[in-house]
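Pasting the structures here.
Two complexes, one shared chain (chain A), two partners (chain B, chain C).
Let's turn to the complex of A and B:
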């Protein structure tokens, strides 16, 4: 695997829209060609090389390309957008839309990400070793088909609107989450290792939520069913199982309504 | 001598009353009396006659004082500011006519601006919900003639839309609502005992911030499923009772306002309220309608809807329309330093935005187009006073139910004053010159 290293040298006056920072855009290109790729500040078009020091070279295909981005990237949007393979390592905080509409490959962010990371994700993996903002792994505005597949792991906390309209895939949050988790979700799995506030599974049709900590307010549409023992992916213990959202439409299987499941840990 | 102009449209709130009578001088230069309007609407007409009205553009000087400038100079400043900016914000658009909004949109396209209207701090969240799950709505005429279950959720029309209840929702006797108020059941959901709530048959005094839960509980109740003992402080027996009241009506209508659109949950609250309406349609006829504030905020959503495909927070900077509230909304742009110039027309962000956002406007090149002196004009570099739309110039406006109504000119603007549309057309022409297109 070939490695391209980008180091930010000039901070943009406003924000940089860098949807070209992906293994897909870099594949088969030399450092100079990569430096000539477009970035945008508002309506102005610039080159990647105006803001980044580019070294190394890309592999022939996205899968053979690793991109390492260094320096303060808190004003850079769209890193790893729509990537299909390869690897991106961000050694800083990153702004909005990290890995949005991602289809494959892996993104590691050694810092925090702002809102809309993993929007409409279809595959691949995002690892955030800091905190995530709002709308992590959510659907794009107006789209009723959210995250379809892939995995998002956040070591710290996540904001609100996590996994809205989620259809598949997995999101694991190491810390706490803000309001609205898996709203409108039809599938997929969300694990929250810390505490949750309220509005978990509102209007949820299918899928699973696991909460290891507290839930401030349970949705009235979720009804307690039974206690169950669970052992999976390093999680082990006794959980209370709730089903819902009773107010929402649900699919039927063998004449039975299939509800979304919410598990809350109640013992070791 | 005086003459009376009848059937005048009121350019204040989204109710867009169309039965005002205005007394003006024979030469049409002075306005004396306004009949049928609410106190706020009447004041808007009378304010056009203020003796201390600003009638020429002004530019802020280094020492903080104002200097009068010509319209030409104001047009030059505005066009330069917009053409030089990498990503200007063009905000407001709710208190002007659709014609001016259309010209403004052309400027926005030419300079790559972010176009945003007052929905951004108002019913924008409703628009997100509509995009997510659709909306079963109706016109106010249908409400007047058919609705017998009226639910006001997080809104207070007694003060914000003073003639709404008397013209459309509670008191009028319509075709199938001959008994007026007596034939209707009125439900109010509000954490406070408001003047609207005092008229209600049922007031659900919900704990603040539990609207989403209560709406979800109503959906559970419609299906006859079990509820927890209390939801948002409301006992479950009451929730079943309200669900039954709504189901038993011939036509239910939900009106909602800032209490749900701008409290925790925002678009999700409206999403759930629309789902409640949809569920109700399995038992009876039901509709839902946002209580739009400014008289033509609905119109700006319409104009941008047909021009760009999105009703607010439209980012044109890359030459095509992008829309993502949370990123392209005014306060997020200002808070994050994403814009480098601010143009305001037909709104008062200085009064309605968080102080941190207003400070950002103060630090940027900025122009405010407004007939009044407002907190916004106080923080902007240039203030351009214009004629009052709906008083001194006509034009199209959209009522809260998306019905377009042509407003009327009833009195002359002070000598030499421009209208929004004239000013914007001149700015557009100058922007095109600067850009060489």
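Let's turn to the complex of A and C:
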């Protein structure tokens, strides 16, 4: 695997739209060619090299390309957008839309990500070693096609509207989450190791939520069914199982209604 | 104004009867003229290319509140689709519900110059006109909806044709409307009670009238006035398996009524998006009844239709047929907008994905094409998608490809997941007919212009007509692949609108001088109707009469068609 290293040298005055920072856009290119790729600030078009020092070189394909981005990236959007393979390592905080519509490969962020990371994600993996903002792994505004596959792991906390319209894949949050989890979800799995606030699973018709900590307010559309023992991915204990959202339509499989499941840990 | 001479193109023009012969077309002062009438023209070399009049669309939803609800509630329709401003070309966005700017440009890129907005809620006529005003290049008009209007229902239950006509004339003037549109007659009013009208004799709740009486009465009132276009209907039961019977029953309401119009049309009923109204069978086993429908259309000269072809795209459905949109959202569970328009109408909007993997959608695709391929008279059968309901208008060139190439249809059949079941439920696989460009010109130019009563302006290349001329980079006399048709007709090389070159070398060259057409019908003074209007505004409307009428600045460039129905 070849490595391209980008180091920010000029901070943009506004926000930089850098959806070209992907193994896909870099593959097969030398450092100078990568520096000539475009970025936008509002409606103005600039070159990547106007803001970044580019060194190294890319592999022939996205799969053979690793991209390391250094420096403060809190004003850089769309890192890893639509990437299909390879690897991106962000050694800082990053702005919105990290790994949005990602299809494959891996993104590691050694810092925080702002909102909309993993929007409409179809595959691959995102690891955030800090906190995530709102709308992590959610659908694009208006769209009903949310995260379909892949995995997002956040070491810290996540904001509100996590996994909206989720259809598949997995999101694991090490810390706490804000309101609205898995709204409208039809599939997928969300694990919250810390505490949740309220409005978990509103209009959710399929998929699973696991909460290891507290839930401030349970949705009235979720009904307690039974206590179950669970052992998965290093999580072991007794959980209360709720089903919902009872206010929604539900599909049938083999004559049985399918409900979304919410598990809350009640014991070791 | 500049003079132009478009030389040596292969001309397809039903008005002149030219079927692909090389000919010269001259333009002067915004009109087509004899070639001897231009002195020092700019010459466009069209040798080896196709030349046609500007396209005319009788039915598309491109302006007004429900289109804008579609834009507002579907940000995902605009995702990754923006095109920034470039020279005189303004910024464009959206796919199935494009911005007004993109609407004008994309029609121009297809060589279209006139587009009718098919359903204007009278109360929101101002909004509709504001959007048409902002749509560049195209001449446009809008059809106010009448089929669920309380005035109409009350007059027609007693068969008061003269009062209905006086009200139509008043409303066309107040809303600057072009024609009488009817959507699910009675059914949309019934929807206010959570009900529908399921056949033409199913009474409208609280109004003591049937859809049949509404339709027949509106045809008679339309002919009483002698309007340029006929009554334009979307019948009851759209989209329901077995509905072809309702469609035939609706067609039959036109029998025995003769057109009374000095604008040269022969029909008294235009039935729109007939694809959605040609279903047999029941439930998931629905099947094509296109042959039965076309048997009727082919043998009855006083009807015109448009197709409403399904294009197998993700799109946004929108109609004044409120109960139908509710049915759709129950079916696909996607978001739904629903609006009531006081005494007049209603509307619903739901996104929809037509998929080649879905048997029903594939059957719909077949039916739309069958209707065209079974037609005998292409001046009475027009190419549409009921944009955006069955697909976005930018797919018209793809439909031309399917109609002109059996190979292209075979390719699509092979891409269907349930190919065999689709073939069983339809007739298309057994039809080898391939339309030619002359027939396409009839379906997209001469036919719709005549049906609209606008054959004196649009639809052909005869001297005296508006200089709306398209040049396509397509040589019909050389071998071509099916996709070449779609490519060439999506991307006109040159387009003239009223003598102004709006597309040059495949690029937008001018924003044109768009006009808004409306019909000013003069009738005898009718104190009763004027009293009814005042009273209904006082008692029921949320706005006053003063805030209702569409006044001058909404139509900066109006084109008024005068009709005298006084007697």
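Criterion: the second predicted complex is superposed on the first by the 268 of 268 C-alpha atoms of A that agree within 3 Å, B and C clash if a C-alpha of one lies under 4 Å from a C-alpha of the other, contacts with A are read in each partner's own complex, and residues count from 1 in each chain.
Definition applied: a residue touches a chain if its C-beta (ideal position, glycine included) is under 8 Å from a C-beta of that chain, and two chains touch if they have at least 3 such contacts.
All values derive from a computational prediction rather than experimental measurement.
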When chain B and chain C are modelled together on chain A, clash or fit: clash
Comparing the two partners chain B and chain C, which touches a greater set of residues in chain A: B
Which superposed partner A:141 touches (first chain B, second chain C, both, neither): both
Which of chain B and chain C A:43 touches, first, second, both or neither: both
Touching partner for A:128 - first (chain B), second (chain C), both, neither: neither
Stretch of chain B, among 76-84, 130-138 or 148-156, that runs into chain C once the two complexes are superposed: 130-138
Common ground on chain A, meaning residues reached by chain C in one complex and by chain B in the other: 43, 140-142, 144
Parts of chain B lying in touch with chain A, wherever the complex brings them together: 85-87, 111-112, 128, 131-133, 210, 212-214, 216-220, 222-223, 225-228, 231, 264-265, 268, 271-272, 275, 279, 317-319, 323-327, 336-340
Of chain A, residues touching chain C in the complex: 43, 140-144, 249
Residue numbers on chain A that touch chain B, as the complex places them: 13-15, 17, 40-44, 96, 115-116, 134-135, 140-142, 144, 179-180, 183-184, 198-199, 202-203, 217-221, 223, 245-248
Touching residues (chain side chain C, partner chain A) in the complex: 73-77, 79, 84, 333-335, 351
